[in-house]
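First comes the structure, then the notes that go with it.
Lettered A, B, C and D in written order, each chain numbered from 1.
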Amino acid sequence: MIILSYLAVGAVSLALILLSKSHRTMNAFSILHTLSFLAIGLYALLTTVVPTFEAGSEYFYVDHLSIYEVLIAALLFFLASVYANGYVESLMQAHELHRSNLKIFYMASSLLLTTVTLAFLSDNLALFWIFAELTTVFSAALVAILSAKENIDAAFKYIFIASGAMLFSFIGLIFLYTLSGEVLGSGTLNWTVLTANATLLSPKMLAASFVFLFIGFAAKSGIFPFHTWLPDAHSKAPSAVSAILSGVLLNVGMYGILRMYAIVRQTQAEHLVSQFLMGFGLLTVAVAVLNMLLQRNLKMLIAFSSMEHMGIILLGIGVGTPLALFWTLFYVLAHSLTKASLFFSAGILHRQYESNLIQDMRDVLSLQPVAGWGFIIGSFAIIGMPPFPIFSAKLFILLEAFGFSKSLVFAVLLLLVIASAAFARFLIEAFSRSSKDTGTGELETPLLPYRVRKGMKFPILFIIFMILALGVFFPESLENLLNEIVYELGYL
Amino acid sequence: MIFSFLTDPAFLEDIVRILFVFVLITAAFILSTRNIASLLTVYTVQSLLLVLIAVSLYLIEGSQTLLAIAALTLVSKVLLIPIFINLIGEKIKISRDLKFNYMEPTASLVVSIALILLAYVFLSGFFNEVVLGKLFFIGAVIGLSLTLMGMLVIFSRRKMITKVIGYLTMENGVLLFGIFVADLPFIIEILIVIDLMILVLLTTILAIGLDSTREQYHQRLHTLKIWSGRED
Amino acid sequence: MSLLEAFVYGAVIALISGTVLPLLYRSKNARKASFGLSLISSILLLAFAGTVLYTGKEPAFPAFRFLPGLDFILAADRLSAGFILLIAAVVPGVSIYSVEYVEHGKSEAGKDLQATLTNLFILAMLMVVLAGNMVGFLVFWEIMSLSSLLLVLHDCSSEENKKAGFFYFVMTSLSTAFLFMGFISLFRLTGSAEFGQLDYPASILTLPFLCLFTGFGIKAGIVPFHKWLPYAHPAAPSSISALMSGVMLKVAIYGFLRFLLSVSVPELWWGMLILIGGSLSAVLGVIYALKESDIKRLLAYSSIENIGIVLIGIGLYLIFKVEGLEALSHLSLIGACFHAFNHALFKSLLFLCAGSVVHATGTRNIEAYGGLVKRMPHTAVLFLIGSVSIAALPPTNGFVSELILFQAFFDSSALPNPLLKVLLITTLSVFALTSALAAALFVKLFGITFLALPRTKSATEATEVSKLMLFGEAVPAVLCILSGLFSSRILGLLGFDLEIPDMLLIGLILAGACGLVWFAVRTSGTSKSPRISTETWGCGILAQHPTMEYTSAGFSEPLVMIFKKIYRTEISSTRVYADTKESIFKSGTARIHLIKFFEERLYLPAAYAVSFISSQVSRMQNGRLDTYVLYVFIAVLTLMTFTRYFA
Amino acid sequence: MNASFLLFTLLNTGFVLLVSPLFMSLIKKVKAYAQGRKGPSLLQGYFDLHKLMQKEVVYSPNSSEIMRITPYLNLAVLLLATLFVPIVFIPDAPEGIGNIIVFLYLLAIERFFTALCGLDAGSTFGGMGSSRLMSLSAVIEPTMIIAFAALAYVLKTVNFHEMFAITAGSTIPESPTLTLISISLFIIIIVETGRLPVDNPATHLELTMINEAMILEQSGKNLALIELAHAVKQTILMAVLINILAPLGLATELTFTGLVVSCLYFLIKASLLAGVIGLFESSLAKMRLFRLPGFYMMAFFFSALTILMEVFA
């Protein structure tokens, strides 16, 4: 009944947002929406016996992995909508967002949350595919919401590259369907059935269908060379949306790849595929960090770092040992949270300077202490410094990868040095500049601090607190959850 | 019975083969035309051909799904989407001539032949183990190559509208591939089409924005009453 | 929980509260309190380390649940206790000094942050030494680097400091990357994160060894990874330079030793590599220092030299161990550790004094100093003590540790392998050269800074620093002398009874002789000879002027000439002629540019290469949808072919 | 700390103090003869010291305490150093007395403070002198260490007392390699005592000075102390060479006759050595400053050669 409640809540909140007049009510409803999704997720986790089939054993399947992803998604949406209240208001004040688009914004985000949730919960891969497609559409709408030319441009890149690639993964699905038809008599795309009978499937066909599916999912989660839409979309979108894009939507693709890998790893195709994944992971990290190094645009920097982390996650999936999977899952959580905090801080800074460019920033720490320090701490967290969670996740993933190839690990380590150098370069240059001594020499008028609206600081502080807590103390419950997932994916 | 030939499989297979040729012709046309209005009609024709293929397959195989798919495609791709795009196109005048990059029409034609070969080589690597009729195999090849051609259109044409058409072509290719390789559950087909509709809706609306110059853009969006730009 | 653990917990709690306090109550008193707390913690640590080293009983800490399947373990054997002793010896002086020193900062927030980070920095270094497994080690290693980075960047208004901070960060993350590699390979090898005995053939351990040597080498600043030191130290506040140079480098040494000591059967070439690397760092460090005229940069180079000496000791330890000379390897290991300890003392002393001098004169350029002995007498005395002990003059501690190493060298005649002996002789002469050059260096530094006439106005107006700062400097100074005089007794107490001369005796005789001479002179000859004072002899000049004094550059000129192979200079000149035939020379320019070898031949090219690649890669992201779709298209085709033929 | 050592302290130090000025003036005398002059009397050194002791001290107003303590410190250090080089007899000294490394670094103390002295008054010549001194001593250091390491290699000990105990009694050097070492020891004496071709003690031209330049500012008692310290240094270095090369006559245990004999023997041998030094000095011209490292390399070569022979023999 989980799925029904999700659907119901989704529909109701959509309707409420549709009916509501003022911004405050819309925001309130979307917050309610996210909270109730969180609640349902927790409830399902604690009470109902998972894994369980929903709505007939055809289409929906709730296991710990899906609930884990749903919870992450709901949490991020919650933070984003709390943030959005003040943020969207000031967007409208700056005439960047038109009032009559407000409703579209909230409806799209509510629809997005619902579809993402459904995608995570769907057992039938075709169903998952469709929901993933829909998430592309809605999030593209959110990117384009500012309806400035560059936003629409970014939205287009997103739609065409993501959906175009997704069509190939549909071909992959058709492969899979026929393949299963060959061995099971009647074709099926149900993940549960496929994993159960994975050993029967012919590895060659399976590898082929995996590659096709990979194309689409990789495009969704910004893996090289399908990543090209990511930096534009993430940097042009309003920061609240950017946080969701990199915190939630990238996970959708990774989720698909993970599910597929869980099928493939039972066959002889495993070796090939895991090499394939690790190779793409390494490439992605390399391209991402090289793009970061000389980056002069704050949000671009963050976007590329998302890409880099997706590369590492892909690596973790490719390594494919239980421990690696465990830490990869943890990595997903850590990355989503940290990245959200970065985007939120960047949003405040963008309000302050009306620009993301490094040369426009000055007196950051005196004008925006919270955002400034939030960004600094967030960067430390994102480059994998202890005591933040990404550190341990990174450590263990590399530890497992070492078993496959020493040189791979070494390469990744060096690339990560470049990534942190990129962040350091940006921070030192942007944050140390003060309007008293600008390099250019001409007198600059001291900026007035942008009055941060209520609710915009809370998510940043909340996340920083949370990642600190996660970094120093790894809760038992989370450990059990992750172990459950590893078990259910058939790793143990 | 005078329509008895409709049940004769050999004849029907010939029909399907002919339709394949027509599909390829439409694809070639889409690749080579320099005029938007004709593009849309060609796309409509292509969808119609798919409908016919589906129907004749139904006559050969007789599975209800194919008929349903045919109907669905007829409604969505032959009627709704073209009408909608036309509607938009009339509301705002888009400069008629197309712009190309990376590939001139002739070049793209050559490439598309290479694509068909590639698709053939690729599929032959896999479907020798899956027992698939000759006809079906060719269908799969054409579907796959049609998808790739659609992509070719996307990146070799500047105008957004043409990109949309390219995407639709890709989707047609996938559909063709699906029809011939596997008979997916109907519900999935429906969902795909819904997704397609929404996507086209969004992209076309946005496409206006980019294909028109920046000034006209906002007031155009206002005339559409769907989307409001920022006022500055 | 016995008293032993209580000491550590107390110290950690004190440091943590010292870290938090200034952030909570942003006031001068809070800062005072936080430094007071670090002082207290250091006293507790002193007690702890002392007991562990003396009794040899190791504390038993409970394991804290940190990560699934991996607890955070504290452990302290005698090695870590030794380095905790080192920390505890340096911290008091620094924290007393900082109480006043911090107040010279620009902004209130900056001061609070500095107090906080100082405590955090100390805490991190302590925990690195206490960490019982690799993961804990890495965690606090990173925190250590981070806090020191922020301290280096405390004032990043100037381009130079920004550069320094960035450079330091890159180098430190490089070192961490290597440590990751090394520890990961060890982890895979042993299957556990603990620092256990490594009973593996050295061939397996080669990769970990190389990675760890590089990683720790970068952090400890051995040539050719040393370049960050002379940049970071001038940027950092002097109290922090004292900590970084005094303790942080030693923490790197600690990590390296932790690994080496756990290896049961090291290989000979490890030792030779370390020995060569060490002597290279030692001699190059001091030679570069001689050319330097920025006081803190000069001290940084001298740190490189001393780390080199420590590494020489470690290299000897390995070589003797492999060759089976237990006593000698023991001796040289103690020498290395003791020198690390001594360097921590006198280098922190020197950095603190340098801080006072820089504060008093407002410049770091020693050419601008002079005559400070009259204006800041106490600082001068303390600085002299520091210089004497770093120049390894008996009976100070600096001499004792070098003596031990020399002894190890001299006794090496027991080595069977003749070629090895030749290597040792070569390194021995390099080592001797190093220590003599160090003496020259500090004659120059002290003489130019404190003696003769002030060269600039700022030096003329310099005034003595506050009592508290002087007291902070006095602590390490006193420790230098004591640990020199009582060296053999201290080492004996710690259970190392070595056959080294008793410095106390030598010191006593020396003092006695001084007294004797003085007494003899007083009694003999004309008692009460009047003291006449006339100006310095200058070949008949009437009045002496500061510009006639020997400058720092002039002082080191002979050595520069002798080592001109190492100071590579390139001379470029332009000429302008008055006529077309180029026969009448009108004007011209000539400049001599000192090639910073490692920087210009190693670091910058690498940096340029990386940024060039990245600029090329970023050009892929050209912002055009068509291009992007083209990428996807090509990727799809490639993948199709790939799967067709490899699946 | 036993009686014999106390006695040794008194006798050895006293003897060295007593004879040192003699050798200084002896060398002067030899040089004078070599140049065809009559030269000062052999007691001239004592007269000078006495005269200086009577004179008052003149300080530059720029100078600091360094100027005032250095003379005392220097002499004290060298008195301490004399304990390391037994001349009258070999006592059973406490651990560490006689350690050659300590001995070297005691000389380093003297050098360090003399150099500071040179910088103290702020005179150009002083600075120049100390700069040159420190540079040259830095370059000679490897040679000294290698020479002494060679000693340690040959005689298997790092303590002068034990070394001399080994060599004592034999007329000819213990090992042929020792002759090689003594060549480098001779050069070390030349360098350490600032004689030609390294430095010209008799010069009045400031620009060529090294040692003299640093003590230009010293006067009266202080100068006397420094001169004396210098003389003592020369004596003990000579003693080292003598006891290695021609140890004949050095008493190994405390007897009156032994004392007298070894003193006499030492006087003779040292006078000979002084003569040799004088001749050597007057047969050479002063070298250019930057030629000196080459000169040192010769010493380095000999001691390195010794070690190689020891190592491969």
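The rule we apply is simple: a residue touches a chain if its C-beta (ideal position, glycine included) is under 8 Å from a C-beta of that chain, and two chains touch if they have at least 3 such contacts.
The shown structure was predicted, so the numbers you read here are calculated from the model rather than taken from an experiment.
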*Tell me which chain's centre, taken as the mean of its C-alpha atoms, is farthest from chain B.*
D
*Given the two chain pairs A-C and B-C, which is bridged by the higher number of C-beta pairs in contact?*
A-C
*Where the CA atoms of chain B average out and where those of chain D average out, how many Å apart are those spots?*
103
*Indicate the whole-number Å distance between the mean C-alpha point of chain A and the mean C-alpha point of chain D.*
79
_Whole-Å gap between the CA centroids of chain A and chain C_ = 43
*asked:* What's the distance between the Cα centroids of chain B and chain C, rounded to whole Å?
replied: 70
*Identify all positions of chain B at which a residue touches two or more other chains, and write them in rising order.*
151, 154, 163
*Any chance you could list the residues of chain C touching two or more other chains?*
625, 627-629, 632, 636, 643
*What residues in chain A touch two or more of the other chains?*
153, 156, 160, 164, 168, 204, 208
_Inter-chain touch pairs (all)_ = A-B, A-C, B-C, C-D
*Of chain D, residues touching chain C in the complex*: 53-66, 72-73, 75-77, 79-80, 83, 94-97, 99, 101-102, 105-106, 108-109, 111-112, 115-116, 118-128, 130-132, 134-146, 148-149, 152-153, 156, 158, 206, 216-217, 220-221, 225, 289-290, 293, 300, 304, 307-308, 310-312
*Residues of chain C touching chain A in their complex?*
65-68, 135, 138-140, 142-143, 146, 153, 156-157, 162, 165-166, 169-170, 173-174, 177-178, 180-181, 184-185, 187-188, 207, 610-611, 613-615, 617-618, 620-621, 623, 625, 627-629, 631-632, 634-636, 639, 642-643, 646-647
*Flag every residue of chain C that touches chain B in the complex, lowest number first.*
625-630, 632-633, 636-637, 640-641, 643-645
*Given the complex with chain A, which residues does chain B contribute to the contact?*
126, 129-130, 144, 147, 151, 154, 160, 163, 167, 170-171, 174, 177-178, 181-185, 188, 191-192, 195, 198-199, 202-203, 206-207, 209-210, 214, 217, 221, 227-232
*Within their complex, state which residues of chain B touch chain C.*
101-102, 118, 121-122, 125, 148, 151-152, 154-156, 158, 163
